[in-house]
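Here chain A shows up in two complexes: once beside chain B, once beside chain C.
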Partner chain A sequence: MRDFAPLLIIPAAALVVGPAHATEYLSIEQAQKAIFPEADRFVAAPVLLSEEQREAIEDRAGVKQRWEKQDVWRAEKNGQLIGWFIVDNVVGKHEFITYAAGLLPEGKVKGVEVMVFKETHGDEIREASWRKTLEGKTLADPFKLDKDVPNISGATLSCRNVMNGVKRLLVLQQVALPAR
Partner chain B sequence: MNSRTRLATATFASLMLATPVLADENLLGYTAGAETLPKGAAEAYLWITHHGDKRRGSYAAQTIRAEYEYGFTDRLSGAIYLNGYRHDVDCGPTGCAGPIDNGEFADLKVNKTQLSGISAEVKKMLLSPYKDDLGVALYGEFTYDSVDSITGEKGTGFELEGKVIFQKPYMDGQLQWLSNIEIEAESWKPEGDGKTEYAVAPRFRTGVAYRFAPNWFVGAEGWIDAEVLNPGNGSWEFDHWDVFGGPSLHYGGKDWWATLTWAPQLAGSDESNDNSTGQHLADHEKYEVRLKIGYNF
Partner chain C sequence: MPAPAIRRMRPLLGTFVEIHARAPAVLAETGIEAAFSAIDEVQRQMSFFDPDSDLSRINLHAWRKPVAVNPSTFRVLLLARHVARDSQGLFDFTVGGRLVRDGRLPDHGFHDLDSEGWEALELLPRLRVRLKRPVVLTLDGIAKGFAVDAAVHALLAHGVTRGVVNAGGDLRLFGPDPVPIAVREASGAISALGSFRNTAMATSAVGLSLEDQARFPSCIVTPAGCDGAACPHFNACPRAWTVMAGEAWRADALTKVAALAPDHERGARIAKLGGRLIVAGEDGREH
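Entry: the complex of A and B
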């Protein structure tokens, strides 16, 4: 290994952990108000999924339900259920992306908000113009990039995983949440 | 707003947001991924590959490449390279490889750093790994070289390399499988009256990279290649085959990334019958270490 010692310094320097770039855009309360501004109460209703339910979600959504516990809130107005507010994490290119989805009782997407985006790039998915393409979606929609949801070049993985995550939450609603 | 209008609006919005991206981030040191830089994005790379130890003597060489890559469209990128070598070699009278009584590189002694040439690359993504599930890309590279990569001696060489690149994401992209089918054709004329040699080398590379912590990927990759050679007399002959493989570590940050791969030679055809050690150490070395650093701007 002659003459190699100086080169060893370079990888050592390169592999020093870089600074974190975590950016929290919305708190849970802010995301709740953004998606369900008409709600007068949010009631925590966390869901603990059984193995069978997780398998059912994966089978129908086509993506893995990674966690047993899903953070869910009932959005209520005058004591009536007006929708479900769900906080979820999906894989980004380097880190998990935390977002919230609002689902109407009939199984339709009310809105999507990106809460924490630790990714180092691709935060264009936070733009309202992209998130709005998910509004109104049901499980009858294709959920296909560049078909019914636009792709953002350079952020394809983020687009795909948030899109698939929303579809998975629609399935989770059918599998694990009551109709009212 | 109907879905088509939303699609158009979001696409337009995404085009207006020229945030630097790391779409062509190299998760492995040798096996390429299928993604290309988006339109208008640029990336600079520095590659250093250390080649260490032959059969005998003292052998250390580094291949150094500085690369600038640019995205012409979202699916077509191009790059130019400046290449150089550093050699610190002392093979002695028996040579660094081959039979002891007729060694290759006998009395070769070199200790210098040289600029060797330039390369140009084009890469076309046919299918996106995240949109189409299986990413497929075509890659072509042309190189002009003025230094022998093994000996450091001067000459004139040309190389054409083609690849078909496959990339399959698993676990929502947390695990990536990459494979390259490659073919390389090269010519080399040593300085002076030497004959021009020609070689063709098919190669298959494959590897996986798994994100084990935010920003960090651990991986393993390997490759098998073979070379047929025309030593300048018009006849083609099989020269050698070899297999390399080893682990890699990748870090991806906001503006830059780095990948470090260690790849020992696992097996290869002996250079001569009296060297039955299961490695080919004439055209290759006992191990390679590659560091790639990419920076977006």
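Entry: the complex of A and C
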């Protein structure tokens, strides 16, 4: 997680304070292996986007490129580029997701893996009902909740944010990454 | 001492699908990969959004001529018809036209958006499907559960004998371990339901606000057209119904029956269709 800590700094207003449900699924190395198992080397190739590039991405993807720096790795096999491994964050109203996307050199998605999923139930009404329904459970350490009730049925969370993020990364690839 | 669960999550089926596999790492990794592929396949075959999916080909052409489909699509249609018939239409997979008209689903140039009714579906030999009239099918209310079942079968086939597949609330537990389950109500509240094992569960919420509908894309269309905040009974509407069944497709489909059944018949109807209605607080013990 340390490697991409700067990306986790997001406008405070987007974060809601409250009990949260957070799970870490994969580290960067694990996600790299999961998406590009055939790669023998991952070379860090972080991208610094110019103002023009960010505008171009927003124009073509319809999604704002919020940060200048995007953490990108070249996935290589025998010295040849076999794809791009990109770590990205999406922030929803109630969820904060770090995911990895693998993009093939020809601009296709190889795979998407959620690395960290954090869900917040921040506003007061939600917090109140949360407290009520979980009476007797300690909320001192909200992350403990994950251990208590890891499996949540019910109203389905949309994955649209992540799908839009992947769309943005495909445009970023065209705008800022070399063909080989 | 059981192996720790390996957990993965991917964006699929319009939501986040989480798989826990409690098995040695090599088995778990290959099993999880196969399980995600199985879900992906169901998604591709039964997608309403993809004009080339089995479902779209049925909706566009099967009213004119029989359409050949994949075995799993055929099986889902068979199951869907069975639940529709036995629930007297409370579970209805022919409301696609209405959802297209409301702008919730894309219009691929359908012949007719007004026709509904499960009896229009004919399942022919050799995996062919015909529609007696141009109804528009949507398998949203059952295919997600079916995809969860397919993922569990894939895990079992790869030697993973204990775990969880959770497709944004349609979940199935397999193996001997009791697993604690909570339900997210449409209000955002989380209620603990208790611990369960070897079962499937699904929850459907009705009476969502527009904002919540955007966040929670599952929606239930009622026969009377009662839906969401516009419904005069909105505030009286129960917020979520949870159904337990042996398989996830059944739990998924029966939540629609639960949401739409009259209060006094709800439990009995669900039981008759092979499920069990779970009420928070009433059932908070190990099953």
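Going forward, the second predicted complex is superposed on the first by the 119 of 180 C-alpha atoms of A that agree within 3 Å, B and C clash if a C-alpha of one lies under 4 Å from a C-alpha of the other, contacts with A are read in each partner's own complex, and residues count from 1 in each chain.
Going forward, contacts are C-beta pairs under 8 Å (C-beta built on N, C-alpha and C of every residue); 3 or more make two chains touch, one makes a residue touch a chain.
Owing to the predicted nature of the structure, the values given are computational and were not obtained by experimental measurement.
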Partner chain in contact with A:K77 - chain B first, chain C second, else both or neither: neither
Chain B versus chain C as contact partner of A:K118, first or second or both or neither: first
Contacts of A:R41 with chain B and chain C, given as first, second, both or neither: neither
Which superposed partner A:K64 touches (first chain B, second chain C, both, neither): first
Chain B versus chain C as contact partner of A:V91, first or second or both or neither: first
Partner chain(s) touched by A:T23 [first = chain B, second = chain C, both, neither]: second
Set of chain A residues, in rising order, touched by both chain B and chain C: 93-94, 121, 129-130, 132-133, 148-157, 159-160
Of all residues in chain A, those that touch chain C in their complex: 23, 25-26, 34, 92-94, 99, 112-114, 117, 121, 125-126, 129-130, 132-134, 137, 148-160, 162-163
Residues of chain B that touch chain A when the two form their complex: 1, 3, 6-7, 9-14, 17, 19-23, 25, 35, 37-39, 41, 48, 50, 52-53, 58-60, 62, 74, 86, 88, 128, 130-131, 169, 171-174, 211, 214-215, 249, 251-256, 258, 260, 289, 291, 293
Partner chain B, residues of chain A touching it in the complex: 1-4, 7, 10-11, 14-15, 17-19, 21, 63-64, 90-91, 93-96, 118, 120-124, 127, 129-130, 132-133, 145-146, 148-157, 159-161, 164
Complex contact set, residues of chain C against chain A: 7-12, 14-16, 18, 20, 164, 166, 168-171, 173, 179-193, 201-203, 205, 208, 212, 214-218, 240, 242, 280
